Amino acid sequence: MTQQPVSQTENSPVLEIRGLTQRFGGLTAVSDFNVELHPGELVGLIGPNGAGKTTVFNLVSGFYQPSEGEIRVCGVPTTGLKPHKVTALGVARTFQNIRLWNDMSVLDNIRVARHGKLGYGFFHAVARTRTYRLREAEIEREARELLEIFKLDGYADEVPKNLPYGLQRKVEIVRALAEKPKLLLLDEPAAGLNSVDVQELIRLVRWIHQTFDITIWMIEHHMDVMMELCERIKVIDFGQTIAEGTPEEIRNHPAVITAYLGDDTI
Amino acid sequence: MLLSVENLEVKYGNIQALHGISFHVNEGEIVTLIGANGAGKTTSLYAIARLRPPEAPRVTKGDIRFRGESILDTRPSDVVRKLHLALVPEGRRIFGNLTVQENLQLATYAREKNADLDKDYQRVFDLFPRLAERRNQRSESLSGGEQQMLAVGRALMTGCKILLLDEPSMGLAPVLKYELFRTLKQLNEEGMTILLVEQNAKLALELAHRGYVLDTGTIAAEGTSEELLGNPEVKKAYLGG
Amino acid sequence: ADTIRIGFNIPLTGDIPKVGESSKFAAEMLKEDINGAGGLEVGGKKYKLEFIYEDNEAKAESAVTAALKLIEKDEVLAIVGPNSSKQAVPAGQVCDDNGVVMISPWSTNPDTTRDRPWVFRAAFLDPFQGPVAVNFAVKTFNAKTAAVLYDLSNDYSKGLAEIFRDVFEKKMGAGSVVAFESHGTKDQDFSAQLTKIIAAKPDFIFVPDNYNQVALIVPQARKLGYKGEFMGSDAWGSAELMTLCGDDCKGLHFSTHYAAAGAKGATKEFIDRYKAKYGYVPDDVAALTWDATRVVLQGIQNAGKLTGKLRRDRKAIREGIAAIKSFDGITGSMKFDEQGDPVKCAVVVQISQTGKFEFKESVCPE
Amino acid sequence: MLRRYSVHILLILAGGLITWLAYEEMVSLYVLSVLMFMGINVILSASLNLVNGYMGEFSCGHAGFMCVGAYVSSLLGVWLFAKDKVFGPPVLDPDLAIYAFPVVILAGGIAAALAGLLVAIPSYKTRGDYLAIITIAANYIIISTIENIGAIGGSRGFMGMKRVLNAMEDVVYLPWMVIWVFAFTVFTIWLLRRYVSSTFGKGVSAICQDEVAAEIMSVNTNKIKTISFMVSSGLAGVAGGLFAFVVGYVNPGSFNILKSTEALVMVYLGGMGSLSGSVLSAILFTLLLEALRPLQIIKWIVIPLLLIVLMQFRPEGILGNKELGDVFPWLKRFYRFK
Amino acid sequence: MLASILQNIINALQWGSFYALIALGYTLVYGVLTLINFAHGDVFMVGAYIAFFVATFFLSTLGLPGWLVLALTIPATMILTSLVGVTLERVAYRPLRRKGANRLYVVITALMCGLILEHANLAILGASRKAFPPLIKETVYTVGGVSFTNLKIGVIVTAVLVFLFLQWVVTKTRVGMAMRAISYDKFAVPLMGIPMDNIIVATFVLGSGFAGLAGLLFAMSYPVLEPYMGALIGWKAFIAAVVGGIGDIRGAFLGGFLLGAVEIMVVAFFPSTFRDLIAFTVLLVILTLKPTGLFGVAKTTKI
């Protein structure tokens, strides 16, 4: 399988965020947020609605420029980089609301995700040079391999909008993996899945985490998922960290219970 | 019987999505539809709300009755206006270019002039204090969960007596999810009839009086919540163990 | 084969549908005349006329295909039109290449006929009309300064404006054209240009524009407080000018091909009949199309006889037209110089208080 | 084998046939001129489809780029190879025109591609109808610039291209324009097809369907947009160059907004994002315009009516976003459409 | 110098008010359906012709006095023109909308409808232009070298009134709110109990009605009517609406005056041959700096 070359020393963090603050007009969505993710970790990010979780992901993936603070991916500061450059550093993500390219086949969705490491340009494409043919063959092979691993090969030529919701979620994750990231950000991957699919998702994420040897950071409101998967969970509210610890610690943290978990009697 | 669906078949273009399903909702009940992704839950709700193609399906066979009368020819706006039936659609579908306040205000479009709106606003803001805080924010910049609150709040503002909800807990933090379910229960106790579609089948059945299990466009099982919760097949296929 | 087919490459749609309509009306009238009299007599034999109207949509490329269609598919003997230079220049090339006579009633761009033995025209050129306007204005208005307002995208208007400026400044000294302003073809508001012109205080304003724009320009100038003179060009020469412009245009002068009001003889007859048939006094395009078509017919008659062999007949017609010594048209008598351009007189008319175009003065080339 | 070379063989045969027919004067110049305008329209609609169909923008200023190409090609051609009143005697031996002609046309294309930057750069930040206005503005700016350059005729237009063609025919007597229009039409389709079917070019569709996702999923959207706009406008420039030489005369008024809307109509008639649709609709549209000539004014009521009715039945254009091969699967035996 | 600047300001206001009037209709329809209604300029033209026929009918057939004719022509024109707009909506746009066609297909349909209106006019009425009869006596006032007429002032005032009215409708009334909601997401509109088709028809009534009013005023100010008179001004009004921020009433109003001012001022202070060049460069720069126009709000992409 496609193994990630580990270019940095084992312990230097994959992601390092210091003093991150993001304001929208008068609203501070994220304030003084810090985190360090080490290679191979699987970390959770939870918090009430509107706490700023997605905003943190958006900042990491370069979609927003932070008002303050610094983000480093594998030691490289990402300030001022456009999202595709950040992706090239090894950050891939999925979206809270699925954002697949709906009129392109599943296979093409995966292929386009290789854009950052294409290895050829416009002139190669139209002149169909040797480089082009070799790279294109390789991209296609890798894409099909990935689909096969995830048992999606039967859907290679389908367009995503015709797929069931659960599969769309899966395709989105596979697309993110196609970028061969070092860090995978999952924004509510279980949203809209039923209990059975959620179980399957848990297995899938764990399997990815092990097989691909990558760091995963995920947002999720399904507590089962978080409890089962995460080694460490960070809880934020109003853009500030209110708790951090193992799932067990979080589950019993009083502040987390009042702000987030609530009382499950109906 | 307040609302009944009889042998309903619907199509999207040439694709048949429902293959003759029947279910009913009695006045004052909470009924839930559960089922795997793509089973046809959303489709059923669209059909009841009389939404039109291209996004909604076309009824090809069967009937939908409200207090015994067919509503197949009712305009979707009249479903709200005359039958007092509101749908919280899947994916929120709030009006992002309007403020929170305007979204709520718009939902009162079809209400009588002298309706007591203040009470309804109060109820919505009590339920979702965050909405009151963000009253004048353009709603498209709300977080996912906040948008879901707005979608539910908006439906309540239509002054409906029957509430159709399509996965209302999607994207909500647990604390809010439970809060929402408690509110639904309370609404029901105040006389609201509720038809709930929910992925979290366990939670839904805990709330509902009765339920139907949908499977690829047909009804696979039905019964009271206790029956369904106790049904081993349902347990295996939909409750995740 | 007892018919003579002539093509008309005219703008029935597009920017200037009125021009196409006038051409068509005039041609229809001529055809009825001649066919009513049994046909055109060529070499002792009578031929019925068949006119084919192709719409060039006021577009260059459409004029080219229209010309080719007339030449190849309809096998016409000669082509009348296109009217504006935008279409006449490229269509002229096509006709010249294919050895078909083309005569443009209205085009004033020298390129239309230059070095093209097969292409003629019925209108006089800008280099002739410009000085006529200058001389008349200087003499009649006692003008020392002038302003010009023209249509930048209309090559007729632009060409004439530039020649006018050059001639006027040569005569009255540099800087005597105190304002030289342009507008676009479909513009309806000219207040900014007119404000600028009025501020420059010219003795008169030269407006080489189509009559429909004149009908907007003159009243607007009046409303901006301008009380002075205007001088116009042949594109003013439409009866519609007065229905559109109303009182504001009364008393103004313009140079043109013929004076409708004082017309006599064939000209008067043409005007009266056209008016009876279509309800309005023909404009200059109608008169020029009439003449252009008659030049073609004259050329055919000069050819002596028609063989039915297309190439030979077309060539004979060209020789026939080139051989015309002097042609008495309703827009004056003319002969063709070696470029195929007419040598003819211009007249200056004044718009009377009753809205008639009255003869003021005639200017002939030396 | 058949699949691989069938189209090449077909194209060579078709090109050869047309050339031969034209050479022997078996088809009339009229038919040839319609065919040539058809080719030019195919280039126009296919190239606009890259931006309006594949990329989902709404560019309404295509004629402006055509104008740039037309003027640059004409000026270059006449300056180099013909005696002219603007430039005087030819710079090079007119006999060379025969070799340099494609270069002259491509030069027009390159100039138009550079003009495309006028639109490409604002497109980094602006989208949708705001970008549409920028394209319209670009169209006006280009036309207005040319109208203001008196040296090349301004609104009087520019001519002399015929002499370049004559020079070519003097060396080898062949229907050169027919050949070159055909060649460049094929070139356009070839280029576009290769571009949009490569993984690199699929980025264009990704931008269309979800630009945010495209940028975050590693597509350099600015680069793709720049390339696409430049390719699109460059090809429009090629069409303009050919147009100039076919008509033999250029004039800024020929490239106004109306011309741009013609290209728009062809793109949407054929179907957004369908290359074969663009080709088909350009052919259809040209034929319709010619066939209905006898109706004169009524033609311009009938054609829009036809198109409206057509869109009622096919609200996604003739081919939608499919290629011919998706509609007629047997064609795939001969050709891979994507 | 001062006089000519003032004069130019008045010119700009008057010319801009036509752009504004037409742009308001554009933006209204756009604001609801995100449909660039390219037929709008031609609806404006039809409005001018309707005004012409109505006014000549009252003037010559009934022999009424001018001011009364004007008073009758205004509502008649607005009503008849809005019928044209509504017909287009019913016949051409609505079926496409029902079929879920890409909005650009509706745009192209609108373009085609415009062509039909132009050429049907040409075919029916012939190529002769029509002269609009003077309804009110236009008096020229000259104050300190600045000339203006009562009509010019009337046009400017009307544009402002129409703007205020539409701004009120769109921001303050529930119908206006419904219009904005439709523009964002048509799907959820019926769920609020809003009869969507009625709202859309109302939009076309307003948009075309005011296009008719603009046509009437235009015909009074520039009394030469021809079938293509709406084409160019329609495009320009669209441009104005977008530069202002399309879909926003304030944007259309301001954009109209801005475009009018740019065109007039460029002519006033530069050689007039550069008008289009400079005016469009200015617009291009504005849009590059403010990518969603003066008032437009970028649709926040929430991810």
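Each chain carries a letter (A, B, C, D and E) given by its place in the written order, and its residues are counted from 1.
Convention: a contact is a pair of C-beta atoms (placed from the backbone, for glycine too) under 8 Å apart; a residue touches a chain by one contact, two chains touch by 3 or more.
The UniProt protein names, listed by chain, are A = Amino acid/amide ABC transporter ATP-binding protein 1 (HAAT family); B = Amino acid/amide ABC transporter ATP-binding protein 2 (HAAT family); D = Amino acid/amide ABC transporter membrane protein 2 (HAAT family); E = Amino acid/amide ABC transporter membrane protein 1 (HAAT family).
As the structure is a computational prediction, the values presented were derived from the model and not from experiment.
Path length between chain C and chain D in the chain contact graph, taken as the least number of steps between touching chains: 1.
The set of chains touching chain B and also touching chain C is given as E. Of all chains, the one whose mean C-alpha position sits at the greatest distance from that of chain B is C.
Counting C-beta pairs in contact, the chain pair with the largest number is D-E.
The centroid of the Cα atoms in chain B and the matching centroid in chain D are 52 Å apart. Centre-to-centre spacing of chain C and chain E amounts to 36 Å, using the average Cα coordinate of each chain.
Rounded to whole angstrom, the centroid-to-centroid distance between chain A and chain E, based on C-alpha atoms, equals 48 Å.
Centroids of chain B and chain E (each the mean of its C-alpha atoms) stand 42 Å apart. Counting partner chains per residue, chain D has residues 147, 212-213, 216, 297, 300 touching two or more of them.
Residues of chain E found to touch two or more other chains are 99-100, 119, 122, 273, 275-276, 303.
Looking at chain B, one finds that residues 141-142, 144 touch two or more other chains.
Touching pairs of chains, sorted by label, consist of A-B, A-D, A-E, B-E, C-D, C-E, D-E.
Considering their complex, residues 34-38, 91, 130, 141-146, 148-149, 167, 170-179, 181-182, 185, 199-203, 206-207, 237-241 of chain B touch chain A.
Partner chain B is touched in their complex by these residues of chain A: 24, 46-51, 54, 96-97, 164-166, 188, 191-199, 221, 223, 258-266. By the touch criterion stated above, chain A contacts chain D in their complex at residues 61-63, 82-84, 87-88, 92-93, 95, 99-104, 108, 111-118, 120-122, 124-126, 128, 132, 136, 139, 175-176, 179. If you check the complex, the residues on chain C that touch chain E are 12-13, 15, 17-18, 20-21, 152, 181-184, 186-189, 191-193, 195-196, 199, 212, 215-216, 219, 222-225, 240, 243-244, 246, 280. Note for the complex: chain C touches chain D at residues 12-13, 17, 53-55, 59-61, 64-66, 68-69, 71-73, 85-86, 89-90, 93-94, 97-98, 109, 111, 152-155, 158-159, 185.
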